[in-house]
Structures are given as structure tokens and as C-alpha cells.
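Labels run A, B, C and D following the written order; every chain starts at residue 1.
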Amino acid sequence: MMSLFAVLIDGTIYASWLFLVAAGLTVIYGVMRILNMAHGSFYAIGAYTAASLVGWYFNNGIGPVWAGYLLMLGCALVAGLIVGLIIERGLLRFMYGRDEVLMVIITYALLLVLEDTMKMIWGVNPYFAYQPYAEMGRSALAGLKVSNYDLMLVGVSAVLGLGLWLWLERTHQGKVLRAVIHDREVAMAMGVNVRRMFTLVFVLGTMLGTLAGALTAPAISVVPGMGVEIIVLAFAVVVIGGMGSIEGAAVGALLVGLSRAAAVHYAPEFELFVIYGVMALVLAVRPQGLFGRVLARKI
Amino acid sequence: MNNSKKSMLKHPLAFAITAAGLALSLSAGVQAAENGKFRIGIVTFLSGPAAGPFGEPSANAAKVLVEGLNKGQLPAPYDKLGINGAEIEVVIIDEAGGAAKQVEEFRNLVQRQKVDAVVGYISSGDCLAIAPVAEELGAMTVFYDCGTSQLFKEDKTPQYVFRTSLDAAVDNIGAARYLAKVRPDAQKVAGIQQNYAWGQDSWNDFTHSMEQLMPKAKVVESQMPKVFQGQYGAEISAISVKRPDIIHSSFWGGDMEALVLQANARGLLEDATAVLTCGESAIDRYKDQAPNGMIIGGRGPFGAFAPDNELNRWFKDKYVAAYKTAPTYPASKMAQAILGLKHAAENAKVESGKIPAPLEIAKAFKGATFESVSGTVQMARAEGHQAMQGIAYGEYNYDPASKKGSVQNVIAFAGECVTPPDGTTALEWIKAGFPGAQCN
Amino acid sequence: MNCILETKGLCKSFGAVTAAKDVNVRIHKGEVVGVIGSNGAGKTTFINMVTGYLKPSSGEILFNGQSILGRTPRAITRAGMARSFQVAQLFPQLSVLENLLIAVSAAQSPFPSLLAPMRNASRIAQADAILAEFDISRWRDTQVTAVPQGVRKLIDIAMALIGDPQMLLLDEPTSGVSAEEKTALMDTVMRVVAQHQVTVLFVEHDMDVVRRYVSRILAFYSGEVLADGAPEAVLANARVQEFVTGGPHAHKRAAQ
Amino acid sequence: MRLSKTELILLGVAVLLAAGGFIAPQWLVFLLTMALAKAMVVQGVVMQMRAGLVTFGQGLFFCVGGYAVGMSGHFLDITDLAVLLLIGVGAAVLLAMLLGLLMTRYREIFFAMLSLAFSMILYGVLVKSSALGSTDGFNVKAWTLFGWTPASGQAPLALFVIIVACSALLAVLLHRYSRSSAGMMCEAIRENEVRVEYLGQSPRWVLYMNYVAAAAVSALGGGFMALSAGHIDPEMAYWITSGEFVFIALLGGTAHVAAPFIAAILFAVVRTYAIELVPHSWQMILGFTLLAIIVFLPKGLWSLFTGQARRAKA
């Protein structure tokens, strides 16, 4: 009973983290049809930016604790804005219209470059900015001690997911975006500035990536290569949910999160396969993912 | 385009191959010159998650040490310039990319760069793959960190391969022995390891040692998360609900720091004592995020466990002066390997200023006893190719006033107490109840 | 038995949209049938169902008296019913000759050989022959992307004809082609098709074009067959005039 | 069997290369051996690229080939090189025949991701297998050939000659395959799958055959890699390894059967010098190289040699 409860709590927390990591990936793919391999690097950039600045802020006792949280989020968003703009304006916009798979490889090259760029900026030593994580303390839920920071992540993740969904479904801009997703050429003919939409979406996706990194940074030790590790994970979540779908990413994250937590508690030896197993299973039954739409080719 | 009228040479294929051939022969022409210097290839992780905790301190230690050696600044017996009077030149290579690539780069080091010796390798897989190649090429090779017990089981009659670091089994035998002394009443043991050879072997060695040394303690939980996962919420819950007294972990690097932070924040480390076999490498970063009394090791008498001798003081001072932080255990181990190499080369009985041949160095290295930053090292195992040293464990202690972490209640175990004798594998020795172990 | 294609009660709906409602059609060997109807009337859906690209919601399709319902397009092609497409379906990065060679090779065997070269004398001869028939030999070695629209339509039809089908379905053979070229293009197509003695069903918007070649017209409206019969009779049908041709003189006005 | 001009050149180069092995420095011989082994895997990637499929999991068959060779040596005491390689290829073919049933249902990004998933599942299984050394892998036993045991120190050169011979044979076969009906049908599927279906051909069958053949070729590369490096580990199935194969495939382009070989050699040379000269940022150099190729040579290095000619023809 206790462990079932723990599976639910752990699974939800892990799922919320997965969703944070995968959200930017799915938004960019949904609109731009770019499966962004460099997404993990954005995550790492966010983590490094936050960890270095937050560490500096707390270690030198610059200001109040709450301002530290704002700094953490703010600097990640700014970093995402800058990196996203540079990459979209400086590289990707020259590549639009290329093959989907070629875009994967372009972003793979980007990943190689960004990994070493980060090494040049931050070195290889770990950054350890635990204060935001430790300051929040913990709660006991039915005997299970849980970090408040992790619980907050669940909230942040839910708010973010709901916000994204409302933006896409309920606002004018969201409608325009969905028009672009549905049929790029028709949207263009209707006078939608697709290029500007692409810039907007790519920067948004980048900022979601850096934000995820920044939110994760206080709970971990920020090391080189951390971005590469999460890409496949994020891909799996997005593919399970259906690429480009926000609600799909949410359901995919929950599915992976809960099955992983269950494996950790009941069958630790299978933990390594759970994600790929769920992915292969879902794809075998629904090749387009849970929320993916099949676009029949018109002939 | 009429293909048939083209001459053979204008064929694009021929053209492409000619171009590629030219590029190849150019690259083949570039070779290191014999310059009378003692060239050492240093191989360690410069990228990826192992670069920060292991690779960089190791590379830094090599730089500090080689600079000191070339200036003749080291205390005796290492006061001779360079190695045997020859200046040392270092070629640093990234260990990332897997064993097959490392075999290729090793051959390049030996055959293209013409290094006189290779010092390096953290990954056990790399060590296993390199050893037969080193023997085949007759290249003097010193492994400074990898801990696999398989090394000299595979390389049965080693000639050119030496290891100045300890077998990983030593870490876990030592950890069990330390627990038997300080926590003899512990009943419930849990473990969390990274899911790869290192973690699996460590857990195996540890649990079997515990069966021998603390038979009353039972394993209640074993978690094996993916390496570099970073998030251990579910694992921490799964361990928490079993309410263990002891939590053993062979985590290293960022994973270990993340585990300590997350487990501590959730109160797990207050209820249970953690034993971290690699814990020493983050001693300056835990601050108040690790509880006092957490048991940490440094994979031998390295880093914070290194003895206070003249050599170590020199090394520490130089290292701190250059990098503003104390050398952690990987740094000490790198220094130890280079010192061992220097010791052997200078005892190879060739005239000063000359570089001895690999076989001469190897003969002098075999079974040698040399001084290191960690005290005296005996090459006393695997027919004189494997170092034997003691191991020490201690409890982490954080001083809020100075904001510095240190180790307390250090207990050191002699090499003879924790090292399996030749001719038996670590696991056999453990299961047999450590026959012949001499403990203080 | 000279009925080659028969559909019985064919229905198809995409969600709320009905694309075919109780379509009953019998095509006889040697006929040239024109299919007319406004956009969305279900003409292409009909072809897609008959050739296996879409599965009907209900109904039955008989080809040479045998049910081909649920068969794949390739099986139906092999059975002897080929088709062309509204937008020519070619292999754009390859040359015209290579396009046809692939068609020849596919027609020869469902299991392509692994090592014997595709370009052999007999295949090239067959490809050249059909290019000559369509009078497009001069484009033989050009990459498809550089070929004009009208020629692409012809290649598309040539590829369908290479397997010697008994029946050919042409989905708007003149779409995307300028008004001036239409007649010349259709003349070429019909000349070759006649030589091959194939039963033809084609979809066309231009009533002048339709009238010129067909022996029978099927008029579709909103998924149903509105009228079926001799061209004059169908075009004179009041409902056809109201829903399809847009009045007795609409097509002439449009042409001007 | 009559050889075309291209095939004669390929065989001629192979003879020259093998002869060059006797005078070249040993490290170069080894580097070329590894590069050729990798090139075989890349050929498998290219075969699928020609059919429009990009696989991020070709490491699966690379790894299966390598492990089959290593395990046959360890557990069955087989040392004959030819038998070992055949076992490796056979194992990969069996696996591919099974997985192909599922894989051929997928295209584009889904194919890429599913191939990645299968490769990562094998990685996970191997990491879990402590009998196979988990992540450390294990050393491969020394090989013999038809009863002949190469003298100590001669094995690398002997293996080089063998792999050059195999590469030449493979190159000729693949060259023929690329021009055969099946090979051209792959290109046709890439260009327009619906049309292929309407020509009466089954795209799935062609892709299935191609998938199995590509697996066999890649496994051969894996087997050679195991024999030359003398060590295998699960890293072979890791997605980054597969990414590297895609990288090399793009570097060379899909235009000619020789391109993957040349690209793999070039890649090995660039990387070994990048690692030596800029040990801290060699990845960045690779990244920029890849970007430059995509931007300036979208059809790979091969277009350097033929680009003008082909464009003029078009």
C-alpha cells in the first residue's frame, strides 16, 4: 500500500519533470517539423546558467531567498531567448524547407558544437547550486518524505502545460499557429507570416528547454554531457504521446513516469528497458503515437 | 556527358580516390620527431560527465607534476630533472568515445606519436581493451584509475602493463570492514548503484563481503538506476520505505552529488548512514548538504586520505597554487602513476639523460616499491604489476564556521588486509572468508 | 461476359462527409467513359476506392467478375487495372527513362532482382517504344524536375500503360495543363490508348474534351451517380445542368 | 562475369591499398582497418538512405555482428575468421528478418526513432548482462584463418589485407545492387512510394529485403571491428554510435558506392588529428564540418567530384 502510494507520488514527480523537458521539443516539432536534437543542449545551457548564477547569488549572500528563485527562472529565460534567436536567425532560417530528417542531422551538428561551447564557457567542473532545492524543505505525505521543491515542480509543470494548451487552443495566435501546423502553404496564402511564427515558436521552444534545465539544476550536479543524456528520454516521451501534441507529451510523460516508478519499486532490474519498452509497444499499436494525427497523402 | 569517351583518369571515382589517397599519404607523412624528450601519452576524460570529477583533476595533476619534474622541484627521491634527466613532454588525449576508439588512439600514440609510455584510463572497459594491445606493441603502459578485477585475469602474463591504482574490490572490502568496526549493529542494508559494470561489480563485492563480516545484516533493497540519470526520486522512495540502517553506493561524479543532495533533502540520510566508496571526490562541494557522519572513501589513501608526507605536501601546495582547490583522489592517483613510471625508468640502469626502452622500464617496474603522494606503494600483486596499498574510510564532517568539509574517524586498512592474493579472484577470496588476510 | 468493372452499392464517408453514396456502375470492355462532377463530387474517391487506395465503408467491387474488395493497389494493378493521377506521380530526382525503366521492371516481376542491372537492352527498348508512342522521346534523358507539366502527365500515363492493363483509370489527365495544350494532350493519350485496346474511364472538367472522346458519361454529385448514359443524354439532364455543368451553356461561357 | 570500368577501378584501388599496407606505418594500417569496418556499417545506413529511410539505430546490427563474433570465440571456441564473420552476419540477418516485419511499416522520423529504440533496448540488455562484462564488454580472442595463425604482430596487417579484399568485393556487389532493379526500386520508393505501389510492386517487400541486406552488411562491419579492435562493448549499440554512422554517410553522400569508404577514412583522419590537436573541442570541429557539408555540399563529398557533371546533365 505504502509503495503503491510512493509509485504514484514518484511517478507524478518524474512525469512532471519529463514533461518540462519534452514540452519545448514537441512545440518546435509540432509547428516547425524539426526534431531538435540540440534540445538537450538547451536544457544544459539553462542548467548551467542557473547553477552558475544562483550559486554565485547564494554563496555570496547577495539578496533574499525569493529573489534567488526569480533570478534562477529569469536568467534561464534570457539565456533561452538569446540562444534561440541566434540559432534560428543565424542558422535554421536558411534551412527551412529541407527534408525533415536532414533537419535532425543539422540539429545533431548543432548539439556537437553547443556541447563544446558550453565546455568553453563553464569548464568541466560540476556546478552545485543546491540552495533553491534545500531552502524549500520537505513534507511528509502519509509517512513518505517528499521534497517540497519536487512538489512545486509538479505545479509548475501543470501550469506550464495548461498555459501552453490554452495558448494554442484558445488564443488568436494559437489559432494562427494551428493553421500553420495544419497546412503551411494555405496559412501563407492567407497572409500568415510563417517566418515570424517560426522564429517565435523556436525561441519559445528554446526557452522551455532552458527553463527545464534551470528548474532541474538545483536538484542535481550540473556536469558536461547532461544534455545528451536527456535527449533520448525526451524523444521517447514525445514519440509516445504523438509528436507535436502538448496533451500527448503530458500523457506520454505520465505513462513513462508511472511505469518507471512502478519498475523501480517492484522490478528494479527492468527499469532500464521501461522507457523503450513503452515506446516500442505504443508505436506498434499506434504508429503515430497516442495523440498523433495520421495525415493521409492526397493523390 | 558521354561516359565512354572519358579516359580512366577522368572518371570521377578515380579522381575521388586519387584525392583521398593524396590526403592519406600527407597525413601519413606527419609524424612526431624523435627529440630526445621522454614523451608520455596521458589519456583521461576531457569530455562527458567523467571529465569534471575525474578527467580534469587528473590532467591538471599531470601538468603540475610534469612541470615540477622538468624544473627538478620535487623533493627526494624524485629530485632528478624530468625522467632520468630527460625532459618530459606530454600528449593529452580524450578518453571519451568507447573502447574501440581508444584502441585506435592508443596505437596512434605509440606508433605515430612515438610516446615512450602511456599513462591513463579511467574506464574499465578501456583498460581491458588496451591491455592486450599494449602487450602486442610492447608499449609501456600504466593504468592509473580503472578498477576492474578482470584486468590481470585476462592479461595473465603481463609484461608491459602496470596498474598503480587498486582493484575496485578493495574499495568494497574496505567499506565492509569499516562498517564492521563502526556500525557493528546495523541490521538492514540497502544499495544504490549505477547500472553498469562498475556499479554491478561494486555491489556484488560489497554484499559478499558483508555476508562474511556482518552476517546479521540483511540486504533489504537494491536499486540500479541508469548511469547519469540525475533524478533519483523514485529510487530514494523505494529505499526509504524499507527503512535501512546502511545505504551503500558506488556512485561517482555528478550522479553521486545529486544522490546525496536529493536523499539528504528527503531525510533519508538522517535515518540511515550512507557509505559512498567514491565520496571523497566531492568533499569540497557537499557543504551542509551532506550530513555529518556520512561514510566516504577515496578509493585508496588518496585525496583527503593521503598521508602527510613531504611529497604530498609539495604536490598539494603546487596543485592548490595552480588550480585554487585541493587535489582530489583522481589527481593523487595520476601523480602516483607518473611517479611510479619515473621511479621505474630511473632504476632501469641506463645512463643519465637516456630514455630506457620499454622492456627495461618494465623490468624495473615489476615488483618495485616506490614512494608516492599516498605513501609507499608496493607493486606486490599480479606478479609485480598491480599495486597493493591500504585503503581508508572516514566520516564526513562539515565545519559551518570555516565552511570546509573534512574526514573524521579515519580508519586505514593495510593492503594485506583488503587485497586478494595472486591466483585467486576477488570474489573467490571474499567468499572463502578472506584467507590469509593480515589486518591491524 | 463483357462487363469489366462493376461496383455494387459503394459507400464511403470521412467522418460527417459522405464521399460516395450507393454507387452502382457497370463498365464494359472497350468503353471510353467520362466522369464529370464538380469538386468534391466523389470522382477521385471513386477511383481511389476502385484501385484499392481507399477502403469503401460498404459495397462490392468486381473486376472481371471477381471481387477485388480489400485488395492492395499493387494487387489490383497486377490484376490488370492501372491508373494515372491528378498530379503526376513520378520519381522527380530520376530521369524520364529511369522512371519508365522502373515501371517496366515492376511490371515484369513483383520480386526485383538484386544484382542484375535494371538497365538492360530489352527494358530500354520497351521504355523507348512507349516514349515514342507518346511522342516524348526527346525528354528521355532529362531529370523529371526539368520536364514541363504536360509531358509529366504523359509520362504518368505511360507508366500506367507499361504493364499492359485491361483497364485504365485517368484522374483528370488535363489538370494543370494550359487550355491550349489540352486538346493536343488528350489526342495523344487517346491515340495511344486506342492502340493498346484498353478500356478507359477518365475524369475531366472540360465538357468539350469529354464530349470529344467518350462513348458514355457518368455524372457525380455529392457522392452519388446523378446520371449515367450517352453523352448527349447526360449533358441534357436537367439535374446535371443544375448541379454539374452549371446550365446548358455554362461550359461554353467558361471556355470563352 | 564481366566487370564494368567502375568495378575494375574499385578492385585496382583495393590491390594498391592492400600493397600499400606493407609499407605504411602500422598505426595507419590500423586506422584504415577500423575506418573500413565502419564504412561497411555506413554502407548499411546508405542503403537505407537511398530508400529514403534514415536509421538512428544501425548500431544495433553493428553490435550484433560484433557480439556474435566475440561470443562465438568465447563460448564456442571458434577462431576461424570466416566462420566468425558468417555467424555475425547470420545472427544479424535473423534479427533483421524479425524486426523488419515491424520496421517496414514505418517511415521518416518514426523509422528513425523506432530503429533507435531497438538499438537502445539491445544496449540495455547488454548492460544488464554481467556474464558479458556489462558496460566493460570483453576481449575478443585472436583469430585464425583456415588453420593459419598469424604470427604475433602480423595480425593487424593480415586483417587489413582481408578487410580490403572484403571491402572490394562488397563494393562491387553493392555497386551492382545499386543499379539493379531492387536498388533502383529503393530510390523509387524514396521518391514516390504511392507510385511504386501503383506499378504493382510492394514497397514493403523491397524495403524489407533492403533492411535485411543492410543489416547483413553492417554486421560484417561489426564483426571486423570486433576482430581488429580486439574488444567489444555495449557502446556499439548506443545511439551516439549510430549517429556517427549517419554523420559519415552524409559526409560521403549516397551517390556512389565508394563514397562511404572515402568518407569513413576521411572521418577517421580528421578525428584522430582533431583529438590530438584540440583534445578539448574536437566535437565542435566535427559539428562545424557537418554543418558545412550540409550547407555547401548537400549531396556529400561525392558531389565535389561529380557535382558539376551531374548538374550539367540535369
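Operating definition for what follows: contacts are C-beta pairs under 8 Å (C-beta built on N, C-alpha and C of every residue); 3 or more make two chains touch, one makes a residue touch a chain.
None of the values given here were measured: they were computed from a predicted structure.
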Most widely separated chain from chain B, with each centre as the mean of CA atoms: C
Contact-richer chain pair (by C-beta pairs counted) among A-D and B-D: B-D
Chain at the geometric heart of the assembly (C-alpha centres): D
Whole-Å gap between the CA centroids of chain B and chain D: 34
Intercentroid distance (Cα basis), chain C paired with chain A, Å: 48
Chain B-chain C separation of Cα centroids, rounded to whole Å: 72
Residues within chain A bordering two or more other chains: 115-116, 119, 269, 272, 299
Of all residues in chain C, the ones touching two or more other chains: 53, 89
Residues within chain D bordering two or more other chains: 127-128, 194, 280, 282-283, 313
In the complex, chain B residues that touch chain D: 1, 8, 11-17, 19-20, 23-24, 27-28, 31, 46-47, 91-94, 98-100, 103-105, 107-108, 110-113, 123-125, 128-129, 132-133, 136, 148, 150, 154, 195-198, 200-201, 227
Contact footprint of chain D on chain C as seen in their complex: 51, 53, 72-74, 77-78, 82-83, 89-94, 98, 101-103, 105-107, 109-119, 141-143, 145-146, 159-160, 163
Chain B partner contacts - residues on chain A that touch it in the complex: 2-3, 6-7, 9-11, 13-14, 17, 115-116, 119, 123-126, 128, 130, 133-134, 138, 144-147, 149-150, 216, 219-226, 229, 260-261, 264-265, 268-269, 271-272
Sites on chain D touched by chain C in the complex: 173, 176-177, 179-185, 187-188, 191-192, 194-202, 205-206, 209, 213, 313-314
Chain A-touching residues of chain B, taken from the complex the two chains share: 46-49, 51-53, 55-56, 195, 222-226, 228-231, 233-235, 237-238, 240-241, 253-258, 261-262, 265-268, 282, 285, 287, 289
